[in-house]
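Look at the two complexes coming up: chain A is in both, with chain B in one and chain C in the other.
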Partner chain A sequence: MKKLPLEEKVAPIRERRTGAIRAYMGTARQLLADIKSGKLKACDRAFTNTWTCSSSIMAGPIRMATVSDGVVIMHSPMGCISNLSQFLAPGLQPHEETKQDQGGYTPNQPATYYCSNLTEEEVIFGAEKKLRETIIVADKRHHPKSIWIFTSCVSGIMGDDIEGVVKETQAEVGATIVPIRCEAFQSRICQWGHDSAGHAILKYLVKKPEKKRNDMINMMASTAVWAEDRIHLAELLGKVGIQCNTVPDYAVTESFRILSEAACSVALCPTWSDYLGKGLEQEYGIPYVRDILPLGTARTEQWLRKIAVHCGKEEEMEQLIKEERAAVMPRIEALRKQWQGMKVFVSCGITRSLHLPHMLVNDFGMELVGINPFEFDEEAIVDLENLLKLTGGKDFLVHVSDCQTLEMANYIKKLDVDLFLGHRGSVGFIFKHGVPGLRVGVAYGSRHGLRRDMDSGRQMGFSGVLSYARYLDNVIKNPSFSEKLSAHTRLPFKESWYEQDPTVNMVDPL
Partner chain B sequence: MAREIGVYGKGGIGKSTIVSNTSAAIAEKGAKVMQIGCDPKADSTNSLLDGRYIPTILDTVLEADTVREFRSVDVSKVIFEGYRGIICAECGGPDPGIGCAGRGIITAIELMKEQGAFEKVNPDYVLYDVLGDVVCGGFAMPLRQGIAKQVYIVVSANFASLYAANNLCKAIVRFGERGGGKLAGLIANHISTPEEKEIVNEFAAMTKTEVIEYIPYSRELARSDLQGQTVIQSAPDSEIADVFRRLAAKIAEREQQIIPAPVQAPELRKWGQSCLERLQASGIKE
Partner chain C sequence: MREVLSKILRGPRYACSLGGAMTTILAINRGVPLVHSSPGCGYNLTLGQVIASGYQGQGYTGGACIPSTRFTAKQVVYGGEDRLRQQLKATLDWVDSDFVAILTGCTADLIGDDIAAIAGEFNNGGVPVFHFTTGGFKGNSFRGHEIVLEGLASQLMKESARREKGQVNVFGVVPYQDIFWRGDLAEIRRLLEKLGLKPNMMFGHKVFGLESWRKAPEAELNLLLSPWVGMGFVKEFEQRLGVPYLVVPELPVGPTATSALLRKVGEKLNIDRELVEKVVAEEEKEAYYYLDDASDLYIDFGWHFNFAVISDSNLAIGITKFLTNDMGYVPHLVVITDDPPDKYREAIVNELSSLNHGLKPQVVFESNSDSIWEIVGKTEADVILGSSLDRPVAQQLSASHVCISRPAVERLITNNTLCGYRGGLELLAEIVTAAFRA
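Moving on, here comes the complex of A and B:
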C-alpha cells in the first residue's frame, strides 16, 4: 500500500492515488485485464450527461452538516453552497431515528452551515480575514465541537492560506477547526472529495488513542448507507457486545476523535472510507476491512466473522450467526425458487454495484447481466474478481459511468434485463424505457422515490435481505409502473442513437 | 478615437520609466494622454506626478460598503492630472502574497470602462503600463479585444528579458487571433554598446519583430527617476529627452501590425549560444 501523505496540505487526487477512472465499457474480464496491464483506453468522457462537485458535494458539506455538534463553513462564493441548501432543505428530521444510532441528533434540529459568500472585492484582496471572522462568529453563536471548513475553486485560485488562518484562529475558539482542502478543478474523479475529508479528519481530528478498545469498531458509512441499515448492524453487533462508532453522517465530533481506539474499521461504503480507513491503518495500526460488505447472507456471515476475529468474540458471533440464519434462511430459500434465473442489472456506487450482487445472485438465485459502478479503480479489482467468482466465472457487462443516462439508454433494451436496480440519477430514464426496476439509494429528505415507509430500503445484515426481498417482490409481481410510464412517455433520444455505439463519447484520460 | 497602447516587458526592465517619459513627450506636443498603471504596486505614474503616489482604483472601491456600491465608484476620485495634463490612474491591488491581483486588473479596467472614464477624459492616447510578464489571465486584460490595440514590448540585451519577451509574443499571437492587441514593436532599453544593440537586433530578426527605438543608459534618466519626474520635465534639453521625443513621435504615427514568431524555450537557448558565437567571431567591441 502506498503511504498516504498526511504531512501534505491536500490529499493526492484519486486518479493518481488509486488509478481511478470514470468511464469504461466492456466486460468484467476485459476491464480486469485492461486495468492490470495498464492498457486502459477510453476511460474518460468528451461529453458528459452528469457531473458533480468534489468539494461542495462529495467532500461533504452535506455530510459534515449532519455532525450534530459541528458547524460547516464553505469558503466560496454563494453558489458553491447551493447544493447543500437543496439537499438539506427538508431539514434533518427524516433521520431522527439516527438519534438512537449516534446519540447525537435530535429531531428537527437544523443543519448549521455558513458560506463565506466571497464578493468580487474579497476575491481581489483576499478573504482570509473574512474566513477568520466567520469561524469566530460560528464558534460564538453555536459553541460547536468542530468547525469544518471547505475550500472552493475560487479560494484555491486566490491562494488564501487556509491552514494559516486555522493555525492563527484555533487558540481563540473552543471548536476544533478542520480545514478540508478540495479545489474541485484538480480532479476528474469527484470521489476525490471523500479523500480530502478523510485527509483532514486524520490530520486535525483523530487523537492519539488513550486506550485500545476491543469492544468497539469504526463503521464507516456515508449517507448512501441509510440509517435503518446502520441501526440494524449496530444492534446486531451490540448483541455480542460490540459497539459501533459510526462516521461520518450523523456522528458527533467525539466519534471522529476516537477513531484511533477501535478494534478495526469496516467500510460500508468503500468509496467514502478508502482514505480514512487506510489512514487509520497506517497511523494507528487499525485493521481496515473493505472487501466484504454485509450484503447477502453469506457475505454478512463473513463480515461478522471478520469483525469477531478483530474483537476476540468468535464464539459469541458463531452463536449469533446461527440464530440469525435460522430466522431468515427458510424464507430466503422460498424466494430463490421464485426468482431463479431472473436477469438483474445494478447501477450504483461501488458499494452496491460491486457488493449488492452477492445478495441477488447468492440468496435470490438471480443472474447478473451487468453492473454500472460510478467509478472504478485499482482498489476495486478484488471486488470485481469476487463478483466473477460469484457468477461462476460467467462474464457480465461493466459500464463505468456516473449516471450517464444517454449511454445507459442506448444499451439497456438490448440487454434483456428483467430487473434494474439503480441510483436515483439513472432509474427514471430506465423505467421510461419500460424496464422494470427499483431505485437503490436514498437521499436526504426524500427517503425513497417510490415508497416512504421506514423499512423499504433496508438491505444489510440478515434481516436486511428479507426486508429488501419484500421490496423487490412488489415490483417483480407488479411491473406496471415502468410499463405504464414507458407507454406514456416520449423519450428525448433519437432512434438513431440506439443504433450507435454507446461509447462514442468515451475518450482516453483527459 | 484614442490610440490605445499596452507596454509589457520583464519586471524591473524600466517599463514605467519608458512609459512615463513617452507619455510626457507625447503630451509635450499638445496631445491629451492618459496613463494607466496595471500593477498592484501602483507606481507607474509616479514620475508624472512629481513623485506623488495616488489612491488606486481598487483602493477607492474598497471604500464601498456594499456590492452595489463596489461597481459604482466615482471615477473622478481615481484619475489625477499630472505633468502637462496627463491623466494618471493606477489599478492597484492587494498586498503582496494575498488575494488575486490578476482579477484586480480585470475589475479595475472594467470599472473604468463601465464608469465612462475614457469618455470623460476623451484622451488622444491611452498608455497601459502592465506588470512584468503576462503571469495570468488578469494581466492579459489590456491585450484583450477592445482594450490596448497596439502592444510594445520593452527588452534589453539581457537574456532573461528576451526570454520574457518571447513568452509575451506567444500571448500576443494568441490574443491577436481573437482580434486582441497587435504587436507594434520592441523598445530596447539600456542599450549603450554595439554588442547590446546587436543582441536585441538578432532577437528581433529571429522572432520576426522589429526594434523601434534604442534607449541608452542615461544618468539624467536615473536622476529624474530619483527626483520623481520625467526627463522631459527635469532635463528637457538632454540627449535622452530627445530619444523619448523620437520614440513618442514613432509611437504616435506607427500603424504596423507585427505577427511575431515566438520560439520554444530550447530553441531560444540555442539561439543565445549561437548569438554569442557570432558576436565573438565578428569582433564587435564593447
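Moving on, here comes the complex of A and C:
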C-alpha cells in the first residue's frame, strides 16, 4: 500500500492514488482480467450527465453539517451550498435524541451551514478576507468545537491560501478549524472528496492516543447508511460490551479526536472511509476492516466475528450470533421460497453495489444480473471476486458509471431484469422504462411515518434483512406504478440511441 | 453591481445564477440545459433548486439526465471548448429535444470559454442551441432567471409587425424558486382565459415550450407578477419589440387581489367591463361560498390569527395582502428573502404599508438565516409562514409553521397553488391544518 502523504496540503486524487476508473462496460470476469493484466484503460465519455462533485456533496458538507457541535463553511458562491437544505430536511433527520456512541444527535438542530458567498467582487479582489470573516462570525455565534471549511472550484482557481487563513485565524477562535481542500474540477471521481475529508480529519483533528481501548471501535458510516443502521449495529455490539465511536454523521468533534484510540476501524461505506481508515492504520496502527459489510445474514456473521477478534470478545459474540440468527432465519427461509430466481440489478456506490448482492443472492435466492458501481479500482478486486464466488462463478454485467443515465437506459431495456435497485437520481429514469425498482437503500426519512416496531429503515445486521425485505416486498408485489408510469411518460433519449451499443459513448479522453 | 458588499449567508433561500438559469430552462417544455461546468453543479443544483422545492421531480431531462461537460483540471488549464463541442454533439445526437441551452458555471466563466461561437457552430437549422453566461459567482437564482429571459429575447425573438389579439405573456413567477409555480401559472392562465384572453404561458408542461417564446413578440401585453424580477426585461421588451407591459407587484392571493388583477388587465387591454365584472362576480361568489363555510371554524374556535411571512417578495406581498385585507389577520412581520436591488425596495415597502385599516407590518429585507431567525425570534406572531428552514424557530416560539417558500422539504407539491381565488382557499386550509398540528 502506498503511503498516504499526510504532510501535503491536498489529498492525491483517486485516479492517481488507487487507479480508480469511472467508465467501463463489460462483465465481471473481463474487468478482473483487464485490471490484473494492466490493460484497463481510463476512458471518458462523449455524453455525460451531471452527478455530484467532490466538493459540495461528497467531501461532506452534508456529513459534517450533522456534527452537532460543529459548523460548516462552504467557501464558494452560494449555489454550491444549496443542496444542503435538501439533505438536512427535518424529515430526513433522526426523530429522537441518540446517545453519543451512536452519534449523539439532538433533534431540531437548526442547520449550521454558512456560505462565504463568493461574488464577482471576490473573484477580482480575492476572498481570503471574507473566509476569515466567515470563520469569526460562525465562531462567535455558535461557539462550536469544530469549523469545517470546504473549498470550491472558484476558491481553487483563484488560488486562495486556505491554509494561510486557517493558520492566521486559528488563534482567534475557540473551535478547531478543519480545512478540506476539495475543489471539484480536480477529479471527476467525486469520491476524492471523501479522501480530502479524511486527509483533513487526520491532519487537524485526530490526536495522539492517550490510551488504547480494546472495547471501542471506529464505525465509519457516511450518510448513505441511515441512522437506523448505525444505531442498530451499535446496539448489537453494545450487547457484547463493544462501544462504537461513530463518524462522521451525527458525531461530535471529540469523536474525531479519539479515532486513534480504537481497537479497529470498521467501514460501513468503504469508499467514504478508504483514506481515513488507511490513514489511521498508517499513523496509529489501527486495523482497518473494509472487505466485509453487515449486509445479509452470512456477511453479518463474518463481520461480527471479525470485530470480536479485534476486541477479544469471540465467545460472547458467538452467543449473540446464535440468538440473533435464530430470531430471523425461519422468516428468511420463507422469503427465499418466494423470491428464488428473481433477476436483480444493483446500481449505486461501492458500498451497496459490491456488498448488497450478498443479501440478495444468499438470503433471498435472487439471481444477480449486473452491477453498476460508481467507480472501480484495485481496492475493489477482492469484492468483485467475492461476488463471483457468490454467484457460483456465473458471470454478470459490470457497468462502471456514476449514474450515467444514457448508458443505463440503453442496456436496461435489453436485459431481462425483474428488479432494479439503484441510487437516487438515475433509478427514477429506469423506473420510467417500466422496470420495477426502488432506491437501493431503504426509504428516505425512514424514521418518519413508517412502522418503528417493524425496524423500518434498517438494512444492516440480521434484522435489517427482514426490514429490507419488507421494503422490497412492496414493489415486488405491486409494480403497478412503474407499469402505468412508463406507459404515460416520454423518455428523453431518441429511439436511435437504443439501437446503439452503449460503449460507443465511451471514448478516449480529450 | 450592488453597492453593498455581498454578505456571508447562513442557510440561503436561493441558489446561484446557474441554478436559476438551469431551472428556468427545465421549466420550458422540452428544453435541455447543458451545464458547461464542474462535475457536480447540475445535480447539486437539482437537489437544491428542484428537489428542495417541494420534491419537484427531475422531469424530462432534469437531474441525472442533465448533460454536463464536467470540467477537470485539464479543461481549467487548456480551456473547455473542445469538451463542450464533444458534449454538445452527443447531446444533439442522442437526446430528443426542442432546444439546447448551454449554461456556463463558475469554472467555464473564470477561464473564459467562447460559448457563443460554439453555439454558432451548431446552429445549422436543426435543433437550436442557445448560450447563457451564468457562472454562479455572477449572482443569485433570480439573476440567473433574468439572464435566460434576456438571452432568449436577444437570441430568439424578432420584432413582429403582427399582433395577436388578446395574447398576454406572463412573467415574474420564477419556476422552482417559487415552489408553487406550476399551480400558480395554471390559475393565472385559467383566469386570463375566462376574460377571453390568450395567455401565453412561458413555463410549464402544458404549453408549447420554445414556441411560446418565439411568438412572445406578437403579444398585446407582457404581464409581470413581481415587483422586481424581470422588470428590466419587460422594459427592454417594450423598447425593442414594442410590447407594452403591466406590472402587478405581487402574486395575487385570494379574492380582493385577484379581482384587482383582472380589472387592471381588463382596463389595460380594453376588455368589455361587463365581462370582467361578470367573471369577478362569479369567481368571488365561488370563493366566498367556501370562505363562508370556513368562517364557522374561524369564529367558533376563535382562530383569528396574526402572522409573520418569510418569503420572496411577490409571494410575501400576495400572502400579506390576502391574510390582512381578506381574512382580517394582523400582519406582524414580513421578511423579504429574495434580495431585491435597492432601487425596488421602497416600492415593496409601500405595497406592504398600504393595507386595510392602516395596518403596517414590520418589513425587513434579509437573506441570511442567522439574521432572519433573530428577527423572527422576537415576533409575537402565532402563525409563521416560511421555508422548512424556519420550522425550528417556529417550534421554539410554539407558533404554527406553514411551509410556503424554498427550501421546502417537508411537503410534496404537485398542482397546489397559493395564487388566485383557489390559492387563497388553499392557503387558509394550510394555516388551519398547521395550527391543529402544531
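The criterion applied here is as follows: the second predicted complex is superposed on the first by the 469 of 510 C-alpha atoms of A that agree within 3 Å, B and C clash if a C-alpha of one lies under 4 Å from a C-alpha of the other, contacts with A are read in each partner's own complex, and residues count from 1 in each chain.
One rule holds for everything that comes next: a residue touches a chain if its C-beta (ideal position, glycine included) is under 8 Å from a C-beta of that chain, and two chains touch if they have at least 3 such contacts.
Note that this is a predicted model, so its numbers are computed, not measured.
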Inset, instruction - Examine A:I157 and indicate which partner it touches, taking first as chain B and second as chain C; both and neither are also allowed. - result: both
Which of the two partners, first being chain B and second being chain C, lies in contact with A:S187: first, second, both, or neither? second
Just to be sure I read the superposition right, which of the two partners does A:W303 touch: chain B = first, chain C = second, or both, or neither?
neither
- Message: Contact-wise, after the overlay, does A:F374 reach chain B, chain C, both or neither (first, second, both, neither)?
- Response: neither
With the two structures laid over each other on chain A, which partner does A:I124 touch: chain B (first), chain C (second), both, or neither? first
Once the structures are superposed on A, label A:F420 by its partner contacts, choosing first (chain B), second (chain C), both or neither. neither
Chain A contact set shared between chain B and chain C covers 119-123, 157-158
Listed in rising order, chain B residues that touch chain A in their complex are 58, 61-62, 64, 67, 70-71, 93-95, 98-101, 103-104, 107
Contacts from chain C onto chain A in the complex sit at residues 1, 5-12, 14-19, 32, 35, 37-49, 51-52, 57-58, 60-61, 63-76, 82-83, 86-87, 89-91, 93-97, 105-107, 110-111, 135-140, 369-370, 373, 387-389, 391-393, 395, 406-407, 409-410
Chain A contacts chain C in the complex at 46-58, 76-87, 89-92, 108-123, 130, 133-134, 137, 141, 152-154, 157-158, 184-188, 190, 403, 405-406, 425-426, 428-429, 490, 492-494, 496-497, 505, 507, 510
The chain A residues in contact with chain B across the complex are 119-128, 157-160
